[in-house]
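Here subunit A shows up in two complexes: once beside subunit B, once beside subunit C.
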Partner chain A sequence: METLSKAALAFESPLTRRSIIASYFLVILLALPLWWNTTSIERQALPISRVSAQTGRELLFPVHVAVNTSASDINAGVLAQEVQRYVNRNEDFTRDGLELRVSSDAATAKDYQVNVRFGTHDPVVVGREVTVEVPPEHASVAAMRVADTLATLLAPYSSLKSLATASHAERVVSYSPRYRLAFTLLNEDAAAGNAALSWDVRGALSAQLSPFLERLSVLHNFTIESQVQYHGPLAFEPRGLQVAEKTQYGLTPEDLTVFVNSAEWMLSSSVSNDPVLHFIAFIPSSKHTPLRILDNNGIPTASSAFMLPQWGGIVIYNAETIGVARTLATRPLDNIFATFRQQLSALLGVPELPAHVQARSPGVSDWQLDALIRRRAAENTAGAQETLQSILRLVAQIGDMPVGEDVRGDVEDALAALDKTYSSAPSSAVEALTFASKAQVVASRAFFNPGMLALLYFPAEHKWAVYAPLFASVSAPLLASVIREFLAWKKERAAKKARSEQRQKVD
Partner chain B sequence: MRLTLKHLLCLCLGIVASAALSEEFNEELDLRPLPDGKVAAWFSFSTLLKGATPRDTKTLGAEDESQLYTLFPLALGQILREYAVTELHLTLNAGKWNYDRWGYPDESGVGTGAELWAWMGENGPVSVDSRWRGLRNALAGLFCASLGSLDEQRTTSPVLTFQPEGFLPNRTASYQLRHATLPSEHVCTENLTPFLKLLPCKSLSGIASLLNPHMLLDADWHGLGVHVRYVEGAGVELRLASQAVLDPVRISREKRRDWSFSALFDRRIEQACPVARSSVIRVWLPQNETYAIIPSPTAMDSTYATYVVSEVEKPLDVAIRWPEEQNFEYPTAIKPQTHISVHRTLQGASQHAGRLALSVTNNHDTELQAGYLETLPWLLQFYLHTLHAEIDGVRRDDLVKLISYTPPLPHVQPALLQAIVTLPPKRTMQLTMDVVKPFLAYTEHPPDAQRGWDLPPAVFVPFASQNGSQAGSYPQQSAVCSTRMYTPVLLVDLATPDFSMPYNVIIMSCTLIALIFGMVFNLLTRRFVVVRVDEKAP
Partner chain C sequence: MAVNIVKILPLLLTVFAYISTAASHADQGAPVQSFFERHRGSGSAHTNNWAVLVCSSRYWFNYRHMANALGMYRTVKRLGIPDSNIILMLADDAACNPRNKFPGCVYANSGRHLDLYGDNIEVDYRGYEVTVENFLRVLTGRMDESVPRSKRLLTDDRSNIFVYMTGHGGNEFLKFQDNEEISAFDIADAFEQMWQKKRYNEIFFMIDTCQANTMFSKFYSPNILATGSSEMSENSYSHENDFDIGVAVIDKFTHYVLQFMEGINKTSQASMQDLFDTFDPKKLDSHPGVRSDLFRRPLDKTLVTDFFGGVAQVEIIPPVLDEPVTLAGEQALRTDASSATGDQDVFIDPTTLAVTCDAPNASTTTASGLRQHVGPGIDFTILIAAAAQSEVSPQTSLTSTLRAWTSSVLILALVSWTAVTRNRHPSGQ
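This part shows the complex of A and B:
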């Protein structure tokens, strides 16, 4: 023992050795920030507080309704106050995002006007005016009647039973600034007879659809396309029925859900990403004529048209005279396109006029259009808010997801557009809609940013596969040396302690 | 957002114009017996959009007019309008067209794989190249073919060989050609099905009902073609064509060459297409042989029999029999059926260099000239100075007149060589050039890298020799036959890496580094002890 310690070399000292080992760890420690910096994923800070501030924020449209009672001897001011009281009690208005102010002031161009007079007729709508008639003996109910009429006209989505149902909400297509309308004349089998080889689609479009589309041009742009198909077989065999000693063919409600044979019918449109609404005039082959739609009990219904939610509409045209027509006759064509217009209107979410309200002129009234614009603006605002929150949730959930400069820019743009939506809502609903749809578009662009997918191509497992061969093998001697030194140090201490005890004993 | 007055005006004008606009559909089938017992079938379905003009490039940024079609396929019409394509040719072929035995095909585009070329106007708000990219991808989606990979590395502009077949409307704008081939494309049912869906009668009635995928894809050679051109004064014409070389001898049990629709296609024409303006079947009759044809044709002369589908009795099952022939004897030698015969080979076994050799034979008694087009992807780079022509062992470089050459740019663009060769009568010319094979980046290899790369076919356009005036310049289709002849494709073997290499390299270098580290570390931290050996010890 004594001889060995004397034999220690001059450069041998436990301190040097330990500092060498420590310096290795020091280098590793110092290199860590560099490693972290070079391998970290770019994650821009998103404006979390501004996005969460959006929750609970609702779009409110202040609307002024002027009450005009010049045709009757009712006090306009009193009536207005009474109507306001009823309105404040009715939650349908706030549910549809309305802040209604009723007064007897004169109406400006963008205000609504209610004319109250004596009579027994149903309310009549002209422009932004509605004329409500009250029987003279029931003048006291005038306020309630006016308030009810206003509710069904201004807040149709909450007050009208037919629009408030869930199935209605599922039917309406999601908002897009542009839709493609694809009209198809589909013959089940033109070679087997009972077919129309062409149709005057331009005439029908200009007669039935153009005024409607023009009316809605504030909300959407439309691209129109049409085609004729001569062989569009069904994917199933319609059920045969005997009705009044005649064979008819029926489509059960289940059949309607699989009616569109997308494998055989060339309906898809490949050149743009705009949503497509399909409208199909289906002419069954002579083998399947007449083709009727059955109700749940298997009884043929009078209707020959049905809608597929968010997809389009189908009209079955059972030709009365079986044969091959060069061109589809004008009268059935007009009927078909009138049905298409109704289906399109339902798909776009245009509210119906309440059953008891008459319109002076055909087409979509200002009340309906305004309600639709407010509805779409509110939808887009809510959609944009939801998308922004989803982005935040997603980014928080997946730690390795890169968030680039463009994503942050889009999120900020969407927030700016949302702010503009709120600030423009009091002055113009159309402007609010424009900003809201911009916010929605930008927010979903941020959500679907391809840069956020980088994670998919270089997952953490691959990183470990690359690191492990080097770091695992390098760390083995490093750790071993630390353990060895630690043991040696302990042993040394124990030896020193033993020595001092021995010395004490000796003393 | 707003429907402006201009749009309304356009709509009104469109309505007025629509009165004159109508569409026309014609279908045609040509059946031609070939000398080697096979039957060449050529289906042609043409739809004419009367009075229509291709979209003006300048209107690309603005709202397009409504596309209201009756017979014209909407899916294709949308693509043509979206990218303002004036002329379009897409062919998808499988197999090797044997010019020597089968002669000139009815459709000249018979190059193996996919070939797409389009003429598009310039000077619009959208550049030609971005529209070409969009067109490729849209057609790839429509026909389920990998046309999307016809990128800049495969696109050339061989204007001299691919002249427009229709008319280019003169709108004070120049036009550009884009051409690309993908020889490795395999043509199968997934391409035929969307093709059939573009036909007004699909494959359910009329002549198209003979297009049975099972028999068609079993043929010795089969191909699909989509051709869109603008015919001045008539309108936009879309022609969907399908060609096949069927082998009745192989199908029949008795080894006879008798054929019928039901034997060749396993189908008959059950009903006429109700919207076809004309629907004609032409059967070329055998010459100097005894034969029988049933049923009796609508019209007949010495060269072919004609059936008008709407007039003959259905189901129609045309059949030809050679009653005197017991079984078909393959002719041992068939005289070449075309003016010139071309063979192209790639010589040399190494993965570094090689030699491209063509042998071009003039089968004619007079001197011929031929346009020669070679579009080589940059993965085969040739040295232009090594291009030599030889006839009977004598060097005749004077017979090759170089017209244009675009060198390849590695990883960017292919090489384009266009030349005119003069072929003396009944002689064979040997054309050779040295090529090198470059190294490809690790990521540039396809998934089946070991298979090799397909070289696109070379194209020859034979035309009669012209004296004096036009020598040196390219003749404008003034040819004996303006048809293009495609050589078979070639397979290039490039050096392929071992694709597990990156990980091997990582492991290998990590092991080395770890070893070095271990040694150095061990040296630095080792406890050196001097052990004195006791001298007194025994």
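This part shows the complex of A and C:
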């Protein structure tokens, strides 16, 4: 019987059998790297040391101020030294990232110049120059006056913080290289008799806003859209008032917070992902005209405009005569757009000139623009740094978060842009802003990379439940065959040994 | 001393100059004063509100979950959050279901008084778009470039976000579409990522599902206030049936929250504490939880409208003066501090909070991992879900190790059994 089965399975030698079994294990062994490669999460190494080296690095803008006293008999060199002393003592400058050097050297194009002369007028700003007048009998306080004026002009965000700009941080929109400005002419109810059917928006924009936008074009790129709506009801009933035997309608401060009826006014523009700033010219219907803004005591104020922080501005337009105007243009519209400009300027964080400083020409002065550029550059730098650090923190904290090649590339690009920001800050604030905003954009892109979505959390029980039915059943026959082979091999060896012993005995 | 005075003098001069201009317009000066007073010490003022409303379950018999989410949608919209700031995720379209006897309508009460679907509704994610991945992408902002604005949560560090979730859930998970689950860890991690990228000022998280309170037990990021409908191993129940619609129309917890919200208007001063005080375990048949240990403001100073409302503050702008063309009738005013306000911020006091967290301890075991909403009517979801979820019942670390060892031993036993029995044959021959 034994010889027969052996003959039938002649090909079955222990060697063949063992190599077949071994081939299974070989496949498993070869597949292991593939399995490892496909199931492990790609986590590129991020430049941790370079990012952590960024902490505490602050953007510094060296600024040169030239003091010119040719119009008075004050010694320029001595005055410059005195001003420098006051400046060094004032922390507002360092808080705004300024390294001020005051001297009596001649000013170049990008330097600031202070002209000191005798007189009693308020300081006047022209370009990068400011003219400070000192009464001749108070020539000794000239340095103090100059230092004070410089503080309010060069570091407006720090020095005016306690006063007008307390709400600055809440009001100003966060920086974006692009904004959409959405202008809406909103009639409360055009059918009720008081309305403007169209407006000369192009004319008003070019007259009132274009110079301003042009001035800010180094900071932002603006896209403008406009619309006219004929039915935009309020969500509440304005309060009726009797003023000088005429009925007026009032908006209490509480009403103002809910003035925008977002459910019924179609304001949203979803064409792009750029932040939108809304500007609304609201024409009350004939049954709510004139509509006034009330103060906390319920008394009408002279103001007819208000602003929602980070959102936009609203102007309520009460026409002198009730009726339907075909086109809203010229003076009333110019006034509305002048207010829009003021609101936009506040929303974008343009610092106001201090109360006592006069500007020779209208519009944003160089001092204001430079301060804003420095401010935005510093903000973007800090933002980029923070974003990079939070990427590192999250990657360390959440083990299942993939980090792809593009994320690492973006992080490195952001670091490079940050380095360029620091190196270009001394020569040009505008260039520093360009690099800082690039760093911020790229760092955010790294953070928001769609591939960075962490795998879902699964408890260990889940993994067992998924893998056990497959691998347990596969591993059982494989392991069993190994054990069987091992036992067979042992038996064979024992038999061989027994045979050779027998042979020895026979011998 | 003299040096000090000299140093302060320019500042005093500035202040005086400012006051003299401001004082000439007394009606402007007073609001400015009050504006600054109100804002002193308040570090967490928000300027915009967002809402993420998720109904994660499909199928007609889950009508009530759609109604839950739509009820919240209606409320936040009524209280002033614009559609552009609401992300509404509905896993199914109950309004257009062929079984809906009232096509195009979703009702949340048995009398069918109020159609929640209405004529002005914007569903941002619907049907099979409602997935765990999409939800996490919405929160973290990790989206493809091509995703439109309406599907994005474009928040910043001044945003208050209301996150509402409803569906079928269990201990530390919520089912999406009957084929995947989001765990409490995933949401906690997503919130942490939002915090790191400054994507919120404060979050109010509300969840109506079974064992809802377990869902917020894993949060660890600051400024999150959370509430849920039921404790661990407790069901959340539906509120009522409508016999014409044929299914339960709303869940109890959401029903009573919405009932409270009906009494709130845009300028209401009701606080979060008032809302939580209305939770009544007797009416709900479950124990709702509040977690406020991560939240910095006292709950009785936190307005409901801080999360459900629109904007909270305005600044009045004086008319423009420096214009060459000014209307004769308009009185020109110019002050430098141009701020009066109808601000509703509450004073924020960073003290500890009165309400303690009743989030359940994760290490206690539950007898059964499956807890489902049980409507008064027949609910087949129990059977379906029981089969789907039996493998994810919670385990303590001890039992799970025990089980792992037992299964390893079993496998080994199996292996040796195969080896030994097959081995016996040749020896028997």
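Just so we're on the same page, the second predicted complex is superposed on the first by the 411 of 507 C-alpha atoms of A that agree within 3 Å, B and C clash if a C-alpha of one lies under 4 Å from a C-alpha of the other, contacts with A are read in each partner's own complex, and residues count from 1 in each chain.
Please note the rule applied: contacts are C-beta pairs under 8 Å (C-beta built on N, C-alpha and C of every residue); 3 or more make two chains touch, one makes a residue touch a chain.
Model, not experiment: these values are computed from the prediction.
When the two complexes are overlaid on their common chain A, residue A:21 makes contact with subunit B while staying clear of subunit C.
When the two complexes are overlaid on their common chain A, residue A:221 makes contact with subunit B while staying clear of subunit C.
Of the two partner chains placed around the shared chain by superposition, neither subunit B nor subunit C is touched by A:55. When the two structures are aligned on the shared chain, A:460 is found in touch with subunit C, with no touch to subunit B. Which of subunit B and subunit C touches more residues of subunit A is settled by the count: it is C.
Contacts of A:477 after superposition: both subunit B and subunit C are touched.
With both structures placed on the common chain, the touch criterion links A:213 to subunit B but leaves subunit C unconnected.
Contacts of A:235 after superposition: subunit C is touched, whereas subunit B is not reached. Applying the stated contact rule after C-alpha superposition, one finds that A:195 touches subunit B and leaves subunit C untouched. In the superposition on chain A, A:272 contacts both subunit B and subunit C. 268, 270-272, 465, 477 are the residues of subunit A that lie in the contact sets of both subunit B and subunit C, per the superposition on chain A.
Subunit B meets subunit A in the complex at residues 1-3, 8, 11, 14-15, 18, 64, 66-71, 73-75, 78-79, 82, 138, 141-142, 197-198, 200-202, 204-206, 271-275, 503, 506-507, 510-511, 513-514, 517-518, 521-522, 524-525, 527-532.
Of all residues in subunit A, only 89, 141, 144-145, 147-148, 152, 163-164, 166-167, 170-171, 174, 235-236, 252-260, 262-263, 267-268, 270-273, 275, 293, 295-296, 299, 301-311, 313, 320, 331-332, 334-335, 338-339, 341-343, 346, 352, 354-356, 362, 386-387, 390, 393-394, 397-398, 444, 447-454, 456-462, 464-465, 468, 472, 475-477, 479-480, 483-484, 487-488 touch subunit C in the complex they form. On the side of subunit A, the complex with subunit B involves touching residues 3-4, 7-9, 11-12, 17, 20-21, 24, 177, 182, 189-192, 195, 197-198, 201-203, 205-206, 210, 213-214, 217-219, 221, 223-231, 233, 264, 266, 268-272, 324, 434, 465-466, 469-470, 473-474, 477-478, 481. Taken in their complex, subunit C has these residues touching subunit A: 6-7, 9-11, 13-15, 17-18, 21, 27-28, 30-31, 34-36, 39, 45, 47-48, 77-78, 80-84, 120, 132-133, 136-137, 140-144, 148-150, 152, 154, 156-158, 180, 182-183, 185-186, 189, 192-193, 196-198, 266-267, 309-320, 322-323, 325-327, 329-331, 333, 336-344, 391-392, 395, 400, 403-404, 407, 411, 414-416, 418-419, 422-423.
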